């Protein structure tokens, strides 16, 4: 906030977006950028210090840390994209129907959502994973289930609000079909608040993925994933802290960038407050702060 | 009669609000005096600076946001350059305030008794028993029914009219020299308005307290005030005794206010 | 007196919620993709054949009708019998007796630390709005939102324990062992609470009753304590109540890192091996802790704002 006041919001937004785009590109082009195969075990090179050949050194199995980080970006970002996109799609359908139709369906649906939302999401996530089993597919499924509840609630609130606007009434009077009203008038108006929420939520999703993978309930080794990498490196905290620090710094930077971007965007549109209010607590999420 | 009776003496009071949009003069060059046992009524439309004047006298305006100039004397004491600790001793003891909306002026989480007691403790060394008796006594003086039960209740359990009278009782329980009543009847229905006016009349007659009565209700001013000042955009446009001002208004704005009152008065009847 | 009635009513309201939770916990485990009997066999290293499966199904009561199973399980729960672990073949309750105190100590300790630290921090940043301390708190809140807990834990271990050798690393022998894990859990809470308190304070200072209290000449301590803080702390109380459950869940991560023998590690082990009785118990404990946390928060709220109990009794009259 202070930063955007000093530098101007537009500039901050462009800098943040550029940085995030660079990280994303690094993830996409990981096969070309990575100096080594991320899963190539070479015990003769284990726990090497950073060198020209291995810019960030190697881990306990002689795998190149930099390559694993780059591929990890890929894994994390694609899982995040999958989760967020599914949530938004589910929420757009259910949320806008509930919000637009209203009545009994809406009531029942929102009661269910409220009940689920009243439980801390981390408890829900680990409980659901414990029941459905361990693995990245299950983790993605569980996170989609939990997150889409929140998104549905959010979109439903927006749609209910929009529905009462006069221009929607005008469109109805003109005889537009509900479907057309939805596509032409409601969904475009959902986009800008949705973008802010998604940006803020991406940070949490990344933290969730890494936290669940860290405790071994998510992405399993040897797949390069930041949380799992920290878990693998934890025995070398004292001798080779870089094995933890490298993925740790990546998680922190990406999450922080998304959070900053979300805050700045929210401040610009002046909607952060209403978004925050629609959540039960200002800081809600899995891995980070309990 | 002589000068000793002058309780409040305000000279050249100026208040400016500093906001993001710049400075705004809300009170300009006000000067007035109130003698003990007398009531000065200030009338004027909403937002003309009446409430700000009350808060300025109590030195309760935020010093960053508001810039105050001029002199405010309580008897011989200049209030404008007191420290916060000195002001705390004066507020509630020498000068009391009655606020417009009694429903949110009391802390909803504390019983009436607790709010009485904390005020009494802040200004005296009375024991719990004595303080309690003092509270009962001042509620009694306001003709409030069953004071002992009343003390045990929470503000939200009482009606607005009741609360307003409780607030008056609370403000006079330390026997202040000066009472600032900021729209004391605005939020009330006519029956309760009558009770409040009665209560203020008792204070005026029995306690010899000087009262600054801020209101846009001319009926109340007419019943209570000795002197009236008409305020518009932070300035007094006309001052005078009640009889003179109501029967022979000089300023256009005063005439306008009186006309408005007449029309609403007839409509009510 | 009214508060007392209120507490009883809230306790009574808890019963159906807990009962509902037990049902959901039970139902969910019947919806798992893996048959508990097979899970039992695989953990016990017995080759699953038709015969052994049927035997285990009978042993676990899985051949009985659903409702009967549920009632039986519930009846056992009433006797504090949480079943027998598939892995260790030891009753779950025996493990819980040892492990629950560790987790509970950790969670409650972090909550206490968080509240004790965030109250002065919140007050300071409200009083010095948009000054240095306020910006520091804002930065802390931002870090709290962006730094994963497990990373924070390792950073603390590395810098506090290893570099300066201030606190012991792992285990639960002395009180010092609880310092770092509690700080890890508390830091995020401090960030949240101090912001909540700051905003609450700034809002309360605008309340008319605070103005009136000032006008009555109350001293700073009485004014801030009885009027401003009491009003402003209410969102923090709600958050803290909700966080008790979250803290218990958060210990899953922290216990792993600091090698503390709490219920978190026990649960994780159970998840890997599909040790259903343990999972069931954990889900149930989480639900109870969560409901309990909310209950405590509600009672404190009712104490802070008597209007809440008033509503309760009014409903009764109607």
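By letter and in written order, the chains are A, B and C; residue numbering begins at 1 in each of them.
By definition in this document, a residue touches a chain if its C-beta (ideal position, glycine included) is under 8 Å from a C-beta of that chain, and two chains touch if they have at least 3 such contacts.
Every value quoted in this text rests on a predicted model; they were computed, and no experiment measured them.
Peer 1: Line, ring, star, complete or other: which describes how these chains touch one another?
Peer 2: line
Peer 1: Most central chain by CA mean?
Peer 2: When every chain is reduced to its C-alpha mean, the one closest to the whole-protein mean is C.
Peer 1: Which chain maximises the distance between its CA centroid and that of chain C?
Peer 2: B
Peer 1: Where is the C-beta contact count highest, in terms of which two chains?
Peer 2: Top-ranked chain pair by contact count is A-C.
Peer 1: If you average the CA atoms of chain B and of chain C, how far apart do the two points sit, in angstrom?
Peer 2: Spacing between the chain centres: roughly 50 Å.
Peer 1: State, to the nearest whole Å, the distance from the C-alpha centre of chain A to the C-alpha centre of chain C.
Peer 2: 24
Peer 1: Just how far, in Å, is the C-alpha centre of chain B from the one of chain A?
Peer 2: The separation of the two C-alpha centroids amounts to 57 Å.
Peer 1: If you look at chain A, which of its residues touch at least two other chains?
Peer 2: Nothing qualifies.
Peer 1: In chain C, what residues contact two or more other chains?
Peer 2: none
Peer 1: For the complex, which residues does chain A have touching chain C?
Peer 2: For this pair, the touching residues of chain A are 1-2, 119-120, 122-123, 126-134, 203, 207, 210-211, 214-217, 227, 230, 234, 237-238, 241, 244, 248, 251-252, 255-256, 259-260, 280-283, 285, 287-290.
Peer 1: Tell me, which parts of chain C touch chain A in their complex?
Peer 2: Counting only chain C, the residues touching chain A are 28-29, 31-34, 135, 138, 141-142, 144-151, 154-155, 157-158, 162, 185, 187-189, 191-192, 195-196, 239, 242-243, 245-250, 252-253, 256-257, 267-268, 270-272, 274, 279, 282-283, 286, 290.
Peer 1: Enumerate the contact residues on chain B facing chain C in the complex.
Peer 2: 58, 60, 87-93, 96-97, 99, 101, 104-110, 118-119, 122-123, 154, 156-157, 167, 170-171
Peer 1: Touching residues of chain C toward chain B in the complex: what are they?
Peer 2: The touching residues are 207-209, 211-220, 222, 226-227, 230-231, 304-307, 310.
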